[in-house]
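Here chain A shows up in two complexes: once beside chain B, once beside chain C.
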Partner chain A sequence: MLHKLQSKIVILLVLVYFIFLNDFTYCQSTNSNNLFSPENRLRFGNSLYIENDYLRAANEFKEYLKINFNDTVQFKFANCFFKIGRFQEAADNLKSLFFSSSLSEEAKLLYYESIFFHKDIKSFRELFSQKKYYPLKYDFVIERMNSILLLYDDSTLPAPNLLFKSFPDTVQSQLNNFYLRKKFPQNKSAVTAALLSTIVPGAGKIYTGEIGDGITAFFTTLLSAYLAYDNFKSDHQFKGWLFTGLAAFFYGGSIYGSAASAQIYNAALRFNLDKEIKLFFEQRNYFLPEIDY
Partner chain B sequence: MPKLLRNRAKLNMKIKISLIDALLAVFILIALFNSLHAQTDWVKWEAKEINYEFQKTAGHEYKIDSSSFGMTILSLARNAYYFFISDLDGDNCPFSPSCSQFFLNAVKETSIFKGTLMFADRFTRDLNLFKGLNHYPINRANKYYDPEENYTLHSNKIKL
Partner chain C sequence: MKLKIFVPFIVLFSVNTSSAQNLKSQFDLANNLFKENHFFDAITEYKRLLFFDSAKYYLADAYYKIGECYKAGTKFDDAIKYFSLAEINSIDVQKIFDCKIQIIRNNILRRTTDRALQLCEKTFNDERFNIKRDTVNYWRGWAYIFADDFESAALHFAKINHNHELKILCEQTDNAKLSVTFAKVISYILPGSGSIYSGNFFSGLLSLTWNVFAGYLTINSFLQNRIFDGFVSGELLWLRFYRGSIQNAEKFTIEKNLDISNKALRYLQNEYKGIKP
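Here is the complex of A and B:
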């Protein structure tokens, strides 16, 4: 009986231990320092920042900055927004670092980068032309960004030696290639395409590279015209006019379609070039310097 | 030891054991209480009713466009085409929007003359046996995406 009593006491003690174990651990957390002190928030924010958890890190930095101002933390706070693509908020939070801060040049560079990635071309050009908040230490980077925006945009391009002077020599030939294709695109004329199809149905489509469509247009028009001619010849007036209408339908469609096809060709040419340029710069991180923020 | 004392010791021992038994039962109940929470998840795993009826995957809407007299006539003609030909033949047009819808959209977007020319061009392109080699992007319905906006001769409207 005593043995039975002992075993039951042991089981009871084990159960008591497990049930209250959690409570004790919770209790311990309340006995330690204040988790929400500015120092702990900063520590936690830095840890989240290193883990690339920028949204939560920004929240911790924000709470810290409410009590203490520190330019490094302010910079990191702005960079958090930059990293998660909230460029406007990044730019707004960088302004306080432009003057009397050891990070002012880096802050100005990140400010320009924020506007660049926000695709606010108008603001970027205004800042660039007025040299406002201009980071002299990184002027070549700003010039590169301006050149990239000019290449993206359909505005008038300056001479290539001026446009690409800030880029490394290794990519000059590729940039010149882009420049030439952008400045002098190998477009197809819609008028020429329409005229060619007027002379030979479908020829305009072949001119724009749609060979299958061109041959189809040629044969449908030719076949309809032949059937119209044959029916008129056989004195089948109704069928003759029916096929005449059909031939006119295909002929008109071929002329119109050739002009439309030339426009689509030009649009595709522009679209593919823009995509190629974007990919080129994206793969090289827009030639931005690697600064350990 | 006298018999009376032995009996009292036995009684005390029994009382202790029953007390420990009661405590043990209480703690087991507390321990089980935590694990019982898991059972609240049963809603997640309940059986779902499945409908085995065939769902309609494709079909035409017999709408009448009353924006203008011409469009009403054209939409009536299109509905007649849907009813007598297209719905019997099946969803065979490889383009999206289909040729009949393209014609109606083209007329609505431009004019009856320009819309007819656009349709003539589309019809010719549809007759091309090798249209798969062309530039058309393929949409989710596995059809060549070819919107009428691309053929209005306004280059800013072209969608690629």
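Here is the complex of A and C:
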């Protein structure tokens, strides 16, 4: 009897060993034994999402959502598209969360963000003016995004106190600076530059800030003209005409170059300001709230 | 009674076998996708395998395959990351060597030649791979080919075999290349000759003509005691053409050498039957 009991205990111990040590992990990890079951797809999708492999995560969430609806998964699914820059798809997939979901406010915010980053200014303005799908909880964030778009755009700017009211005090002076430079750009006139170079070769270039080029244009034109005059005076017709051609080329080039230089100056002014504004907001993540989705 | 005792064992064994079978099927599925060149999907399935393989049985193989997928998709940085992971998780010396070679090959392809050569040196000096030194030399040669140094490449292929096909090709390519210094020097002596040397006859003759014409105008001015005129003509005309002929000689020779290198690379890409990076 005792011997029988002993052998049973031994078998039991071996069984326990088998369970805990002999690849028990297999059973644990693939408990449903189907790697493509919705639950396993969700687990795998979540791990990909954490690894920032959003495209693959989106595929897993999509398969999961075909069978089960879960607002968190739906939100993550849309956020995957947002993260990989497919903003239109992100916006489309957020719509189902706008009503009767605990994530509706966040979904609406992400929807606005998608339109904002998609640079669909027209749609953003329409939504903003009609207060459509408007997340009241993040009212100030949407206002900021609208102000940023106005600053990016070339349309008429409203007064700075209205435009920047939703931004923190610490950046108000910088924003006012951008506003003034955007509204009253210090452009150079192409006509003035050309006229100046007509009177004094290279003066137009100096007017547009290209001092070195201006001085060079002045001296090369002057030198060519002098050489043309000197060669004609010495009866060297060929060289006289050669330097006359050169002088005319430098003179014409100086006038044309000055007008072009003014246009380049204006384009660079605008380009640099836009770049500066973009960088300013990019560095501050467009003043968007830090939400850990 | 005895049968009853074995029932739990049989159940557990069958569950284990089934799980292992599932992972094996998953590995096969990923391999099939890889074979069909569906690299994106193959990576997904290898990653799924890695996620569910908590026993880490397929760890090294799956990482290696993911590396191959990324390499096929020309994502060399990601490929190197996964080959490194495969190397870390491999026990087999042959597998470790394969991973190292793959990392070298990816470095060659992404043109980080210095890194590729550094890794070749490290692998070459590793005693575990003493018998595989020819393979390391082979990839050293390829690293030099991609760095446009056919002379060094030929030296490394010669270490494998003096009649190695790639050694002969590299030597031929190196010999066919022109000397940039020589082209510049002859252009200093006779303007336009460097361009002619690099095969641009028309440009060379045109450059020579312009130089003769500008030189005539300059010298003529000095002969007529028009010193200022002579200096201006010399600076604005003659020197401009003279410098231009030297610059052209350099530019044309570099372009010609690039053509020769590209021809060799095209041959390697389309005709060469051996292993390529």
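Simple rule for what comes next: the second predicted complex is superposed on the first by the 246 of 293 C-alpha atoms of A that agree within 3 Å, B and C clash if a C-alpha of one lies under 4 Å from a C-alpha of the other, contacts with A are read in each partner's own complex, and residues count from 1 in each chain.
One rule holds for everything that comes next: contacts are C-beta pairs under 8 Å (C-beta built on N, C-alpha and C of every residue); 3 or more make two chains touch, one makes a residue touch a chain.
Worth saying up front: this structure is predicted, and the values here are computed from it rather than measured.
Contacts of A:70 after superposition: neither chain B nor chain C is touched.
After overlaying the two complexes on the shared chain, residue contacts for A:239 are found with chain C alone; chain B is out of touch. Using the contact criterion defined above for the overlaid structures, shared-chain residue A:172 touches neither chain B nor chain C, since it reaches no partner.
Of the two partner chains, chain B is the only one touched by A:268; chain C is not. In the superposition on chain A, A:123 makes contact with neither chain B nor chain C. Contact with chain B, but none with chain C, is seen for A:260 once the two complexes are overlaid on the shared chain. In the superposed model, A:227 lies in contact with chain C only, and not with chain B. Residues 11, 15, 18-19 of chain A contact both chain B in one complex and chain C in the other. If you check the complex, the residues on chain A that touch chain B are 1-2, 4-5, 8-9, 11-12, 15-16, 18-19, 190, 210, 212-213, 215-217, 220, 249-250, 252-254, 256-257, 259-260, 263-264, 266-268, 271. Per the touch definition, chain A reaches chain C in the complex via residues 11, 15, 18-19, 22-23, 25-30, 33-35, 40, 43-44, 47-48, 53, 56, 59, 223, 227, 230-231, 234, 239, 246. Touching chain A in their complex are the following residues of chain B: 13, 16-17, 20-21, 23-24, 27-28, 30-31, 114, 116-125, 127-131, 133-135, 150-153, 155, 158, 160.
Of all the residues in chain C, the ones that touch chain A in their complex are 5, 8-9, 12, 15-16, 18-20, 22-23, 26, 43-44, 47-48, 51-55, 217, 226, 229, 232-233, 236.
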